[in-house]
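What follows are several structures.
Two complexes are shown next, each including subunit A; its partner changes from subunit B in the first to subunit C in the second.
On to the complex of A and B.
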């Protein structure tokens, strides 16, 4: 870790700072805002950014800065939770298919291959129908659509690891398949799995914002960066601040995650 | 080749059918129905409407009916656009989405490969670093931000291009740009990195030794090999361009299939959702098979039919 920071540019430090800032904003939202995110003040509606309202106000006179900060809570939460649950699902399916082999492997991998044909946003839209447009619904829909490529990757690596001597010796001393998988094989694959997590988080944040932007994601009273951008889009010519600030929040977060993920991937590939 | 193609196509039909049947139940299980809008109808009227669309029948009966009609090439009438068959809506909207997607794919292939070639040729130069920076910024931009910035600059400020609607070639420019922006950056990065790798290989050294000029090495010798991984990525990109155009279609008010799909989902228009998904599924499966075929054409080491 330290080596990356020494050799690599200041941009990586900037990315980490930006991400910590976003996460801090989300966690300490009540402490870093002066206004409520839902309190309406019609006499101060659609104001441009000022010292009083850092990012201006929206059509109902709500403070946009507070709304962006509280939006960070949902956007980041959805990104993290979906990436982690997608990871759990992908790793389990991949590990089972790779370790068991045979008919189970054939069935699971055919399913994965078939579902992979469909772009995940399309699948998420269809699943949102079933789960509804609340935070739980969107988390379920995006989780279910973000495990396929990881399952493929883990399956391949587990199949490879099965032939290594350490697995054979574990089997020789009588370890159960579950123990071999969870105690011996998976800890060895932790690196690449974590790298895929840093790639999945920004993808899922993006997916959430796209869904919410078209009105298929979170519905009021919940608001994420995507729903804020949607509100801002309608009046973007006259009030560009309504679109720019939420979009900038999405952009900076995704850029930082992507860069971090790239650096981690390069690092782990070099070590192999 | 043709036999392989037909075999793959036939094999994918059962999976698509299972997928559609699952979607059928998902739609009916989902909360909210197509006819519970804001106005409250008397129960008799509600019952009559449900009866007209056979929504009062048990699910398995509805499903068999849908399947039988599918066999006759009929996808029912839309709930939302009364009296309009789904096949007619698809016939009107699909060409628009297809044109949009194909144009965007063309832009992203040419832009991505051209600039990828330049960046690899002048690796480490200012141009290379600038292109890399632009591409990593582009990958992190949400489509709606790209679209809005393009509209703000080119139609609202400069007034060069129409801000929305689908009338004539000039109205296609901004949507195609917005749609191809991110994928272009992805193709660029992939081309650049695989090209740099293949520039280090032996056959490039041989070509250099023969005295082939540097641009000839890049665009004639190295690029051919570098394109194989790019081709693999183009399948998902093409799929995303055709199905993912719904955002661009909504933003620019283009009467394409994606826009209708989103409205159909929002309004629980079951027949239209099923119809669009069927068509999407068909296109996606077809793209997938075509990419595999193209793979085998470009790289003779790959043999078809082994993984089937």
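On to the complex of A and C.
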């Protein structure tokens, strides 16, 4: 038992390290790369990985390592910003609906149900057409579609928590509804909310990759891991390095986030 | 249960060894090709995209056809051109019959051409017949009586056409599928829905047998065809939009013929036995928008010829072949070689130093942002990124790519919203007129929206010239104006048709207009 725990811990350490590395790469991109992500050198196109170009070069002779590192910026930015904005929206709507109940609850939850009818990628595609291509369009499109299940989850938990004695006590000493919600109920829901955040980030990175993969993401020369994987996919038989490196970045990040989320969930369940 | 299992096993063995039904019946010879998308229509008066190309030519024939770039007899066994080069008399083959046994008559051409020109048909290629006396007026609704259009059946097997002016390339016009004949009784029975399996009658080597929406179209050999019967029993056209999927289908033997595949695979595929290069009359070009419909800042700047010249000078076209890996050669004239009017000495050449000087003369602000409209296809995205980096490197211009899917892209092209766009033109008939006439002021294919009456006049003048050297001189002169002086477009490259042909296929012909001739295709026995 202890061995398993230690092994799990080792994997957890690996996940945390991998995520820190990715985040570090994204923040210090100019410092950790030697080439610009958009500089073309046709004479060095489609080279396999070498000491000069660690991940090889693409069809226009651009350094793939630089593109993966700069891609981390966009992929992680989209992942974090959309997860946090989705979280704020989801928690607010869920908390208000759960705490107030009645007509407001009915209205908000019907809205959530209505929005859930649309497949999220289809919805994101529609919103992208509305907001235009580029980072802002993608962030808005994914944020708007990623808060729905969280709102439902928070609503349920708030409804449950408002019957607990500590909430009744707060109400008895005359605390305002806002104070009860923000000071007493929500801090107790922090665990599950954090867990959902760690699951939402990789989901949103995947959503961005998917949108970019189908050609609806960022316009070149900007690249995220999804756009890089899309470019590499077409030549996977001849130039596998073009697909392997961006996909590996997506795979490791998503695995790490999911595992971290799982561990956090286990810990928060234990505490309860 | 055990017995059942044994019977099943025996049956399986029976099948695996190829004994049984497969050997009892002769093997069906099937040729499979790929369509990049759902055809808009199989109605040959209306079909106008490259997707329909292969099917039209296989299903049907016109008065004449193109073998490589030479006009050959087809449904017409012979034709005569009058001394004033204005009257064409076609003699239709006696043995030419429709697939239901009804003879092909001159009346069938009349029916088709009337429908093609009728304003209510709204056919994209109606202008193909405008050189015929009275045709343009009929299409524009100025003349309601079709008998005023100079297309006359002299008898059931003779068709006479009179042109308003002599046109040197006119004999190429009836090679195009929009001019193929149609049966009046079929049209009256089915209306616009005639081009469906079970309804369509053809006079070409194959028949329309089956159409599964968004999946496949199956053609069967036409036993009533007047010429040599095709050696392939069945043609299956698979509708596959994605290039990578199509390549996988070819590699697993499910496709016999494929022309568009991911550029990253060209190099490795060029070493395989099925790799073939066919000549193609196609020019890919960068266009500038002259339309004043949406005068944004960028639109205004692009009206400045110095800026257009600076852009043309800063793109190193010699690198394109290396990037796209499809044996592309750098563009000079808009008319591609080997057509009359193509030359290496016309067009703006790569010169970054002079480009910078021209940019200064244009007084455009440093770091100016321009938008370019492109298709979201792999090849155009790669090419556009190359142009983007060249303009940034030499002129500091920030080029923003606007990639769209085919339908949206075409709609955006018509709107003239973007100051720059990438597109191509491939020949409908092998003549320089087909390239340069797209810049006629009233042409529906004039993408830049550039209008110049003296240019229009020269196009019409060249059409009437009988001497090839005179025409050539005029075409060169026109292109100096179009490319060097006005810089309406920048021809980027000429491209051959790169194809993968299954080694079991023999006798396949693909002409420079991308017409696939399947009649002569033979399929060797599969082992």
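Going forward, the second predicted complex is superposed on the first by the 262 of 272 C-alpha atoms of A that agree within 3 Å, B and C clash if a C-alpha of one lies under 4 Å from a C-alpha of the other, contacts with A are read in each partner's own complex, and residues count from 1 in each chain.
Operating definition for what follows: a contact is a pair of C-beta atoms (placed from the backbone, for glycine too) under 8 Å apart; a residue touches a chain by one contact, two chains touch by 3 or more.
Being a predicted model, the structure only gives us computed values, none of them experimental.
Of the two partner chains placed by superposition, subunit B and subunit C are both touched by A:233. In the superposition on chain A, A:219 contacts subunit C only, with no contact to subunit B.
Of the two partner chains placed by superposition, only subunit B is touched by A:210; subunit C is not. More residues of subunit A lie in contact with B than with the other chain of the pair subunit B and subunit C. When the two structures are aligned on the shared chain, A:255 is found in touch with subunit B, with no touch to subunit C. Once the two complexes are overlaid on the shared chain, A:38 sits against subunit C while remaining clear of subunit B. Of the two partner chains placed by superposition, A:21 touches none, neither subunit B nor subunit C. Applying the stated contact rule after C-alpha superposition, one finds that A:130 touches subunit B and leaves subunit C untouched.
Once the two complexes are overlaid on the shared chain, A:243 sits against subunit B while remaining clear of subunit C. Shared interface residues of subunit A, touching subunit B in one complex and subunit C in the other, are 215, 233, 237. By the touch criterion given at the top, residues 12, 15, 19, 23, 26-27, 29-31, 136-137, 139-145, 148, 151-152, 156, 236, 239-240, 243-244, 246-247, 250-251, 261-262, 265-266, 268, 273, 277, 280-281, 284-285, 288 of subunit B touch subunit A in their complex.
The touching residues of subunit A, when paired with subunit C in their complex, are 38-40, 42, 45-46, 59-60, 215, 219-221, 231, 233-235, 237-239, 242.
Taken in their complex, subunit C has these residues touching subunit A: 243-244, 262-265, 267-268, 319, 322-323, 376, 378, 381-382, 384-386, 388-389, 400-403, 405. The part of subunit A that touches subunit B in the complex is made up of residues 110, 114, 117-119, 121-122, 125-130, 132, 202, 206, 209-210, 213-216, 229-230, 233, 236-237, 240, 243, 247, 250-251, 254-255, 258-259, 262.
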